[in-house]
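Input: a single structure, listed below in C-alpha cells.
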Amino acid sequence: MKQNIKYRIGKSKFFKFMVILLAILCTVPLFVILIYILKEGITKINWHFLVNLPKPVGETGGGIANALVGSLLIVFFAALIAIPIGIMGGIYLSENRKSWLANWTRLAVDVLQGTPSIVVGIVIYFWIVKPLSTFSALSGSVALAIMMLPIVVRSTEETLKLLPDSLKEAGLALGLPYQRVILRILLPCGFSGVISGAILAVARIAGETAPLLFTAFGNPYFSTNILKPMQSLPLLIFNYATSPYDDWHNLAWGAALILLIWVLLLNIITKITTRRWKVQF
Amino acid sequence: MTQFETELQDAKSEIINMWELVLLQLTKAKDAMLSFDKDLAREVISKEKRVNAFELKIDRDCENIFALYCPVAIDLRFLLAVLKINNNLERIGDIAEGIARYIVESPARFNIAMLEDIELIKMFEDSISILTDTRVAFEFENTLLARTIFSRDDILDDINKRADDHISKFIRDDASVISQALYILSIIRKLERVGDQSKNIAEEIIFYVEAKVLKHQ
Amino acid sequence: MESTILKAIDFDAYFGENHAVKKVNIEIPKNNVVAVMGPSGCGKTTFLRCINRMHELIEGATTKGKMLLNNEDIYEMHPIFVRHKIGMVFQRPNPFPNLSIYDNAIAGYKLNGMKIAKADRDVIVEQSLQKAALWNEVKDSLHKKGTFLSGGQQQRLCIARAIAMEPEVLLLDEPTSALDPISTSSIEVLLQELKKNYTLIVVTHNMQQAARVSDKTAFFYLGELIEYDDTKNMFTNPQDKRTQNYITGRFS
C-alpha cells in the first residue's frame, strides 16, 4: 500500500512539473521575440526617427513619420467603421438567440474570423480599389474593419449575454421601452466588456500586413489623404526588411519595435479599463 | 408520514390513553362506592397522580407542536381541542378522586336502596357511558355521536334536580342518615359536573371536525 | 365596502399551447396586501406577470380575457403606460449596478427621459427612500454605487425605485426568498406600511409569510384560482380540500 502511494505521489509531482515546464515553454517564443526586437530596435529609435520621412536609397538616417501617421489614420477609420457596426451586431445577437437571422449572422461572423487576411485584401481590391481606380487608405481601413468586425461582435455578444436577465427585467418593469433598456442599462453595465473587445480588435489588426498590400499599398511620402495610397508600419516593415539596404533594415527594426510597443500598450489599456470600469453584480 | 403527522398522531394516542385512565378511575370509584371497598378507593386516589402527569405531558407536547410546526386549519383546531379536552379530562379525574375520598372518609357503607331511589347508580353509569362515547366520537371524528351527548347530559341534569327532593325526604324520614345523605348529595353534584365536562368535550370535538363553535349558544 | 382597484375577468394566459393560467376571476381591493400562493408551477408567477404585461414579452406568450385597473382594461392601454401604473419588485434584488443609490431611486424617471427639476428630483428620491425605510441608512452615501448595501437594503432600494414612479399597484414576486430572516422581517414590516398608500400583490412560496403579511390570500393550483378569501379564514378554515391539503403540508 505504501509503495502504491509513493508511486502515485511521484506521478503527481512529475505531472505538475511537466505542466509548469510546458507553460514556460509557451512564453519562451514571446520573450525571445521581445528581447530580440528590443535589442535590434532600441538603438534606432529617437525623436529624429519618429518625425522624419524615410530617405531615398543610399542616404542614411530618415524616419518612419509617414508610416506612423498612416497607421494611426488607417486604424482610426477602421475602428470608426467596425466598432459601431460590431456593437450593434453584438447587441442583436445577444437579444435574439434563436432567430434564423441570428444563426446566419453568427455563422457569417465565424467564417469571417477564419478568413485569411490576404483574401480580405484581395476582395477589397476588387470592390473598392478597382472601381475608384486608386489605392487608398480608406480601402485599407475597410479591409481592416472587416477583420475587426468578428472580434467586436463576439465580445459584445458575450459581454451582454453575461449580464443577468434581472437587469433587463428591472428596466422593463419600470416602463422603459426596449431600446432604452439596451442603450441605457445593458450597454452601460457591459461597457467594460464591450470597450475591451473593441480595443482588443484594434490591437489585433494594428499589425496586419496582407490586407494593406492591395489596398493602402504604401506611400514613400507623407500624406493624410485617405483617398490616396498611404504608408503604414506593417507595410514599411514588409518592404524595408526584405530590401537589400542596411539603412532600410534599421528602419524596419525600429518600426517593428514601435508596433510591438503599440500592441503591448493596447493590451495593457484593455486590462486597466476592464478592471476600472467593470460593474460588479 | 412526516414528523409533524407523527406528532399529531402521538398527541391523539396520548389523550385517548388519558381518556381510558379517567374512565377507569370513574368505574373504580363507582365499584368502590357500591361495594364500599376502601382499598379500591385508595387506589383511585393514588392513581390521580398519573392523571395529572398526563395533563402536563399533553400540554407540553401541544406547546412543542405549535412552536415547531405552525399548524393551521384542521390541525390547528385539532390541537386547540386537545388542549381543552386535556383540561376537561383532568377535572373529571379530580371528580373521580373526590368521590373516592368520600368513600374513604365515610364511616358507614351507603344504603343501596337509597342509592337506587336517587338514581345515583344510573347517573354514575350514564356519566361513564357518556364519557366513553365522547372518546369514541373523538377517535373516529364522529360528530353525529358527539351531538347525542347534549341531550344525554340533560338527563343527568334532571337527576340532579330531583335529587334535592329525594334527599330531603330521606333526611325527614330518618335523621340518622344525614351524614350519608350529604355524601350522596355531594357525589350527585360531582357527577352532574362530569356531564357538563363531557358536554364541553363534545363541543370541542364538533369545533375541531366541523369548525363550528357551539359554545354558549 | 372596500373599493376594487384591480379586477381579472375570465383571464387566461398561455405559453404557446401550454395553458398556464385558466379562467381566473379575482377582485383586488384597494390598499390591501393580497398574497398569491400555491405549489411550483401553479401559475401564480405567470398570473402576476400578466398584471403588468411582462408576460407577453416572452416569445409565444399570449393572454385572453380582461384585466381591469380602475375599470380600464390594461390590455387596451399601451404597455409602457401600464408599467408606469403597476410597478414590480423581483425575487433577486436588482438595483442597477452602474448607477448610484440616488440615480437608482430616480431611475424610472431618468432612464425614461422624463425631465424633472433638480429640487423635485431630490424630493422624489428622499420620499421614496423614506417610504422604503432606507433613507436613514443611505442618506450620507447617496452618490455611492449601491454595491455595499446588504441584500435586504438592496431589495428596499428596488422597492424605493418602484414606488418613486407613484404606481397604484405594486407587484412583488417572492420578494424575500433570496434574503436572510432578519431582512425578510424588515421587508414584511415595510409591506404593512406601504399598503397605506399602495395596493400590494405578493407572490410567495412561504405560507407563513402569506399568513403574516396579507389581508387576503389567493390559492392557485394547476393554473386555476382554487380559493380566495380573507387570510384569517383561509388559514383557520379553508373551504376547499386542496387548499387545506396545501396549507397543512399534505401535498404529495
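Note that the chains are named A, B and C in the order they appear, and that numbering of residues resets to 1 at the start of each chain.
Convention: a residue touches a chain if its C-beta (ideal position, glycine included) is under 8 Å from a C-beta of that chain, and two chains touch if they have at least 3 such contacts.
The shown structure was predicted, so the numbers you read here are calculated from the model rather than taken from an experiment.
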Required steps from subunit A to subunit B (each step between touching chains, minimum): 2
Chain pair, B-C or A-C, that carries the greater number of C-beta contacts: A-C
Per-chain Cα centre nearest the global Cα centre, belonging to chain: C
Farthest chain relative to subunit C (centres taken as mean CA coordinates): B
Whole-Å separation of chain centres (CA-atom averages), subunit A against subunit B: 94
Inter-centroid spacing, subunit C versus subunit B (mean Cα positions, whole Å): 54
Inter-chain centre distance, subunit A versus subunit C - centres from mean C-alpha coordinates, in Å: 47
Residues of subunit B that touch subunit C when the two form their complex: 2, 4-5, 70-77, 211
Subunit C residues touching subunit A - in the complex, by the definition given at the top: 52, 54, 57, 80-84, 87-88, 90, 92, 94-98, 107-108, 111-113, 147, 158, 161-162, 165
Subunit A to subunit C touching residues, read off their complex: 164, 166-167, 169-177, 180, 184-185, 188-189, 191, 279-281
Subunit B contact footprint on subunit C (complex, rising order): 207-208, 211, 235-238, 244, 247-250
